[in-house]
């Protein structure tokens, strides 16, 4: 394992320190936590619903990179691939509540769901109005009443963008919850990996793939996918992922937003080639794409791969996706 | 059977020791069907409990459980943090009035089920907590039984927690949270014996 | 080699196509070229000196990702690690000239310098006023009258940012040339690599390093560095690079801007840890840092590593570095 | 010695063939001390020249050189594109009046030096162009001499182009651009012979 780090046990605090020191105009660290909160001039004057997200580290720029005017109010970073603890989330909730309530955006992992729930209970004891929504866009996992359900992956960033813009516009907590649930229901993602991520404390990739193999349906914590296939040209990968996601929508009418997300070690060059192939394929199928985004947004340490997210959108959502924000990572 | 502060303190001390000793066993179990950190998580919790108890000796069982709960909630994270944390927090609240051990454990078990939105047969720690709580109620919990409950998780298919992503492939492995819970109940039995 | 591509010979056009299609509000492609030019509403109305940069591909988001209001007017992409041809650069010059002249920002490689020179001669034949500046910030290479001189690397992005902002403010071509030269003279960079880049047509990393080795002073096209050492903690690397760069400045008074740049496959997490260590070290030395930036800005395909750039700045330069821009990659 | 359209056409045809045949030789030389693409670059140029000449047969030597120059300038890129491109562009301009071969080559050599800000002994193609141009002027250029000029680059330390980053380590390798220039002059000699 070759990584530019110091002490394995100190990775997250050092990373957060680097992030806030190089972006002091945008964010500050909440004392004694690894949570960051908006630090721009507008923030202290503003009265809007606070939006807090968070989760394990290793997905940078998610979530701290999306804190800023028009997106998240605060983000809480846990240990690598490990949910943050409720006390840290609770501090973030307190830091962003302006009396209008706080919305928690939680990715669907049992640890995240439970820790955010506990933090919510702690904040409610302080009479803060807190609601949460659970993002579960990874359609490579079967959903069923009896399981953990689908995971929350790259689509989370579209949800954060739309809700952040809507909150800035003055939407109420209840309106945001409703909007968030609708947005999540219309967001679907599949990821592929060419090489697994190496968790620093483990020291080697989470799973092994042969030189010509690619795994479909992986999660952002090295969760295994649904099949291993021979690596194929970008356009075949684009077609396979697009079709699988489209088939999961009840119909293919209306407008779509597209996110091509790099998993951490994949050059932008390849992400753009893949995005080009996705757009070609969607065009052939007469699918209207009204917003698209490419880049390392929701990564998995040094994983090699990409994910594709399609979101069915209406005009107002497109407007919110397009609105300028002041963040590190959007 | 009731539990007093001395017994409860011994219980927690034994549990904490076992967690520290078996850090790598728990990590290995979690590597097979999870993300390999259950030992690290529980060991972090164990150290936090020790530190908190060293700082201030609790006055009663309720306060002891609260100290344990807060240490776990603040330091463990992941899935096991809120689960063990909720169990001890709920037991702490109940212990203000209640001293019956079986009732307390049953309340802890309910807390885990509520927090985890889960039940028996999902290949989680509940598959140790719930039968253990029932056996305590009928007065016949033994170390052998605890091991039996733990071993029963081996052939289950996980439907909650990270192991559930593996579906059928989760079969054939012990559930790591059930292993740490087995340590908890083994420690409890030893503490209650004398 | 595992890459998400189609035909190796078609990488650059497909990448540019993906980039412009997913950023149509910002940039458009100049027909029959792999050059992109601003496409925002403001651009057509504006009368400012046009700023054109470019070079071989494989350094994304440089340069196309820095085209937009307040930064570059156009960017020309060559084949991977190969200078673009003069006719493409010439088209870009024509597309951005509004009568105020055009400034070319060229990284110091013989191919780039010569191709941009030829394009300049072609444009001068059309009576367009064109000047160029040569960025040579890589101090790991010895400079001398008899050699090719220092290479242009990550510091280029600071030059592009400052000149873009100054051009937007209405500075003349001659003023920009002078400003550019001053900025370049105050910009110094060193890069380190943990793993070389794999050029798609070659299929394996450009050089081999052992599992515990790191190379100091590498270039952005796999040019070998000045020494191979055992990998060390981030803070030791930060200290070594900072000190070497500082020693190259005549004095260490005044204000500095810092750029920690990821080489393509290095997670943001490690870049922030390294940035934190750089800031710690500079603080210990009482060096005033007034601007800092972290991220994948000037990459080398899938190289693992980072570069550190220090720039001696005055207040006006800091203002220009801080000004908001509308680009894909800044 | 003057050069006519027939001879010049034959020269370019032979050169183009040699570039295509020796693509990998040139890439290998460039791999040792450059970035490994000189063969690919020149081959791209060769194909572009062929295509351009197939489209429209040039009326005179000046037009032929111009076609060659534009094909190279538009398709080669890198360092060799502008260098060969400038040489042929300058020779094309001169060929409107001038027919003396040695003078034309000398003008091409000057173009390379101007474009490359370079001179002899820097381990570049000039180390073939300049002595070849001088030998032509004195009427004694031979294939053996071309090979000798090329081989002389082996022990030079590069001070221009990518190889210069290697400093002393650039010694012991032929310069790739000198090898492609050697093909150019060998082709010229064959074309002029008959």
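When the chains are written out, they are named A, B, C and D in that same order, and each has its own residue count from 1.
Keep in mind that, in the parts below, a residue touches a chain if its C-beta (ideal position, glycine included) is under 8 Å from a C-beta of that chain, and two chains touch if they have at least 3 such contacts.
This is a predicted model, so every value here is computed, not measured.
Enquirer: What are the chains that subunit B and subunit D both touch?
Expert: Shared contacts of subunit B and subunit D: no chain.
Enquirer: Indicate the whole-number Å distance between the mean C-alpha point of subunit A and the mean C-alpha point of subunit D.
Expert: 55
Enquirer: Go ahead and note the Å separation of the Cα centroids belonging to subunit A and subunit B.
Expert: Centre separation, subunit A to subunit B: 31 Å.
Enquirer: So which chains actually touch one another? I want all the pairs, not just one.
Expert: Between chains, contact exists in these pairs: A-B, A-C, C-D.
Enquirer: Along subunit C, where are the residues that touch subunit A in the complex?
Expert: Interface residues on the subunit C side: 2-7, 11, 14-19, 21-22, 25, 57-58, 60-61, 65, 194-195, 211-212, 214, 231, 233-235, 237, 258, 260, 264-277, 279, 292-294, 296, 299, 301-302, 304, 306, 322.
Enquirer: Going by the contact rule at the top, pick out the subunit A residues touching subunit B in the complex.
Expert: Those residues of subunit A that touch subunit B are 78-79, 81-87, 109-111, 114-115, 117-118, 141-142, 146-148, 151, 199, 201-202, 219, 221-224.
Enquirer: Using the touch definition up top, name the residues of subunit D that touch subunit C in the complex.
Expert: Where subunit D meets subunit C, its residues are 35-37, 40-41, 73-79, 81-83, 85-86, 115-116, 122, 159-162, 164-167.
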